[in-house]
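For reference, chains read A, B, C and D in written order, and residue numbers begin at 1 within each chain.
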Amino acid sequence: MFHVLRIPRDLKVPRDDGRIFLLYRLSPDRIPRCGVIPFDFSPHNCYHTGHFLLEKSIMISDWGFIGIFFFLAIFFPIVPILTGVLLGPHKPGAVKNETYECGIRTRGPARIQFRASYYLYALVFLIFDIEAVFLFPWAVAHGQFPLYAAVEGVLFLFLIGAGLAYVWRKGSLSWR
Amino acid sequence: MTLEQILFLVFALIGLGLALASVTMRNLVRSAFALIGCLFAVAALFAMLDASLFVVAQVAVYVGAIATLIVLVVMLTRLEQQERIPQTHRYWPAAALLAAVIVAGVAWGLWQYGFFDQTPPALPAADPIVELGRALVDPEKFLIPFEAVSVLLLSALIGAVLVAGGANKKERTE
Amino acid sequence: MGDLFTTVSNWLNGILAEAGIPPEAAEWIFAVGRAFLLGVSGLLLVVFLIWFERKVVARMQDRIGPNRVGPYGLFQTLADMLKLVLKEDMVPPQADKILFHLAPVLAVIGVVGLWAVIPLAATAYGVDLNVGVLYLAATGTLGTLGILMAGWSSRNKFALLGAFRTVAQLVSYSVPAMLAMLVPVMLSGTMSLAGIVAAQDGFWFGVAAPLAALVFLIASLAEVARAPFELLEAESEIVAGFHVEYSGIRFGMFFAAEFLHAFTIGALLAVLFLGGWRGPGAAEFPTLGALYFAAKSFAGYFLLVWVRATLPRIRIDQMLDFCWKVLTPAMIVLIGALVLVNRALAGTSMWVRNGALLGVNVLVAAGVISLLSRSQSQSHAGAHGRAPGKGAQPCALAGMGDEAEAAS
Amino acid sequence: MIPLSWYLLFAAALFGIGLYGALARRNAVAILMGIELMLNAVNLNLLAFWRYLAPAQMNGQVFAAVLLAVAAAETAVGLSLVISIYRLRKTVLPEEMDLMRG
């Protein structure tokens, strides 16, 4: 089956040899998003945004590719580390294995207690993070509505900002 | 079995295993890291459901949330003393039984009413992110929940900082 | 011959098809190959980046830099890597083994993963996610997780202290970074990175919203924990931070991740604010676009190196104050104003709209600067400074009123 | 394709595990972790129903997003309570948090 996609005027389509016909035949069927002209095959499907062409995967979904990528990415650090383990010498010793604290003997438990400041920052971050989950779809879609949609999002943002201002005035954002 | 199903089973098993590890481990920090792993597996399932926004939200939000949690755990409890005391109530078998009954009940219900052959319909051509954004600002759809969420977050922020920050002032430890 | 990438992929596709490989398998081979190529070239880039940074910093400090191994010392990093691989692989016996092994892996994945979505040219990228920008934020948290893991599992006070500083710093600065990323999303109406580059036709978002670009740069600088935000590994205070107990190539992985992350910041700056691969003739010749993109990324990276060679480290309280009391409020105000202006002027010409956006940026920046200088003069008038000997360096970024309040 | 019931079963199992964690653990932080698991299971259910029953409507996604916000708010406030109580009573075990008892 052919892909039926519109080609923008300013893009040159390589259509130079017989292979492409072969590839047309091989590419799978899919509902066309736009357009009428058969396009050359690449492992991607194409869709039109703005003034030029972008490619999009057909069979392997976007997240499928991310999965493949992460699966491979695991090996990028593991291979050097394993090489290091294999090639490096192994002569452990009592002094060498000590906790590294500039040569001073370690005292007390390593898991010391901390103050709450660290926690408070993470807490405010959490709220802002959730806020982002809502704001990003809004930022994408606000242009498709009249002005009130923009105002709603700004209201949302400023309410969180008011929270920040309150926390600020309470002094909880000051490091101590 | 298709590749998709195999992947589902792999992620599901990883997720359940890490969830179990997370609720049974004695060391709470490890348990929190296991929880993060479990949430990643769930994020992978979200990806299989084409819910892109929730994949990234899950990772971004929960890693932040649970990082907070880990910090808190380390801050509040000494590991050595934490591992010595029992981590479960004495009536934990009752809790396990209740959970098992619920799972069995759902499984039985699914068996009875047969969601087993339900396959997903084709996704509409529109980008779900744009659609979600449109739904959130449309006064006829979800505008009220959208603004309510901001009020919820505001109150959570103020409440949390009020509760935790008040204690912070009295005691200053490093 | 305009598009090298499509030509190559067509050619490879032809070979695969003639060899009788079904298209499904061919697509898998392509996906794996693409992922492999992206990741490996990212990691190989690190070798060059380290050399580049050492050379540049050396020049700025009136030194020569590495010049022994290979021409211009180009192979110095390779030699260093060889050395790291041959070092003894030490795992502290007191460490939490699983997490200790996992931490450097996560740190690398968290950076390499970003390259899956970055468009290198009009036709060359891993994948075009419809949530690309949020994906960047989410993948960035993996690095945070790795650092937290490293710090906790090492069972070392300094490592844990470093890891906690990470939580405070990275987590704090991801808020202004995310808000700054909201600006291109808002202006382009899409979260896909390719779409954002596409929308910068004519006007770069960095020109329309320079303040957002600046905030993004500063926040990213903090997220990658480089000078002046290198508190995570402040050598003079907490030895080396979260990776004290790491040695050999395990440490090397953290190191590589940091350098690649710094370059990635440059690339993201290029994509989000400097038009990505856009440039004269790039739409017709995507190969040219890749060159533009590389040039812009390196310009961003050079800026980072420059900052590192120039500015002193700032104190942790100054750093957090700067994030929460300057950058975040400024971004909230800026986004609010930008959205309203952008929406109100939706029908007008590109020049009017972008000019108005630029004006809003300048106004907000002027407001922030005047407020800052006022509060600075206040804090100088009040009780000045905190306990001496805390490694305090004079820093122009400081000057929040609350500091004096806290000290008194 | 994956049947809907697989998702529902997985979510039920996750919910069960979370329920066990929330009921059986003694530490308040661990209880919060169990609740996180339960909320996540619910989120998975919502999104599965969205995908399988009404992908054209955004109800499922909006519900899931709101649930995410609720979960985060719950975590934030819950953890603050834990830290505050710890400061006052030096405990993270709910059975010892009997301030209101007589």
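By definition in this document, contacts are C-beta pairs under 8 Å (C-beta built on N, C-alpha and C of every residue); 3 or more make two chains touch, one makes a residue touch a chain.
Nothing here was measured: the structure is a model prediction, and the numbers come from that model.
Participant: If you average the C-alpha positions per chain, which one ends up nearest the average over all of them?
Facilitator: A
Participant: Determine, using the mean of C-alpha atoms as each chain's centre, which chain is farthest from chain A.
Facilitator: Measuring from the centre of chain A, the most distant chain centre belongs to D.
Participant: With contacts counted as C-beta pairs, which pair of chains has the highest total?
Facilitator: Summing C-beta contacts for every pairing gives the maximum at A-C.
Participant: In angstrom, rounded to a whole number, how far apart do the mean CA points of chain B and chain C lie?
Facilitator: 28
Participant: Centre to centre, by mean C-alpha position, how many angstrom separate chain A and chain D?
Facilitator: Chain A and chain D have C-alpha centres separated by 25 Å.
Participant: Once you find the CA centre of chain A and the CA centre of chain C, what distance in Å lies between them?
Facilitator: Here the centre of chain C sits 13 Å away from the centre of chain A.
Participant: Distance from the CA centroid of chain B to that of chain D, rounded to the nearest Å?
Facilitator: The computed centroid separation for chain B versus chain D comes out at 6 Å.
Participant: Using the touch definition from the top, which residues of chain D touch two or more other chains?
Facilitator: Within chain D, residues 65, 68-69, 72-73, 75-76, 79-80, 83 contact more than one other chain.
Participant: For chain C, which residues are shared contacts with two or more other chains?
Facilitator: Residues 129-131, 134-135, 137, 160, 164, 167, 171, 174, 191 of chain C each touch two or more of the other chains.
Participant: Which chain A residues reach two or more other chains?
Facilitator: In chain A, residues 62-63, 66, 111, 114, 116-119, 122-127, 129-130, 132-134, 136, 139-142, 144, 149, 153, 160, 164, 171, 176 touch at least two other chains, as defined above.
Participant: Linking chains that touch, what shape results: line, ring, star, complete or other?
Facilitator: Topology of the interface graph: other, matching no listed pattern.
Participant: Taking the top-of-page definition of touch, could you list the pairs of chains it picks out?
Facilitator: Once each pair is checked, the touching ones are A-B, A-C, A-D, B-C, B-D.
Participant: Could you pull out which chain B residues touch chain A in their complex?
Facilitator: Spelled out, the residues of chain B in touch with chain A are 7, 44, 47-48, 50, 52-53, 55, 57, 60-61, 64-65, 67-68, 71-72, 74-76, 78-80, 125, 129-134, 136-139, 143, 146-147, 149-151, 153-154, 156-158, 160-162, 164-165, 167-168, 172-174.
Participant: If you look only at chain D, which of its residues touch chain B in the complex?
Facilitator: 1-10, 12-21, 23-27, 29-30, 32-34, 36-37, 40, 43-44, 47-48, 50-52, 55-56, 58, 61-62, 64-66, 68-70, 72-73, 75-77, 79-84, 86-88, 92, 95
Participant: How about chain C: which of its residues touch chain A in the complex?
Facilitator: So the residues of chain C touching chain A come out as 2-3, 6-7, 9-11, 13-14, 17-18, 22-24, 26-28, 30-32, 34-36, 38-40, 43, 84-90, 92-94, 104-105, 107-109, 112-113, 116, 122-123, 126-131, 133-135, 137, 155-158, 160-161, 164, 167-168, 171-172, 174-175, 178-179, 182, 185-186, 189-191, 194-195, 198-199, 201, 239, 244-245, 248-250, 252-253, 283-284, 316-317, 320-321, 324-325, 328-329, 332-333, 335-336, 339-340, 342-344, 346, 402-403, 405-406.
Participant: Can you list the chain C residues touching chain B in their complex?
Facilitator: 96, 99, 129-131, 134-135, 137-139, 141-142, 144-145, 148-149, 152, 160, 164, 167, 171, 174, 191
Participant: Report the residues of chain A in contact with chain C in the complex, numbered from low to high.
Facilitator: The contact residues of chain A facing chain C are 10-12, 14, 17, 19-20, 22-23, 26-28, 40-43, 49-60, 62-66, 68-70, 72-74, 76-78, 80-81, 83-85, 87-92, 96-97, 99-102, 106, 110-112, 114, 117-118, 121-122, 124-125, 128-129, 132-133, 135-136, 139-144, 147, 149-151, 153-154, 157-158, 160-161, 164-165, 168, 171, 173-176.
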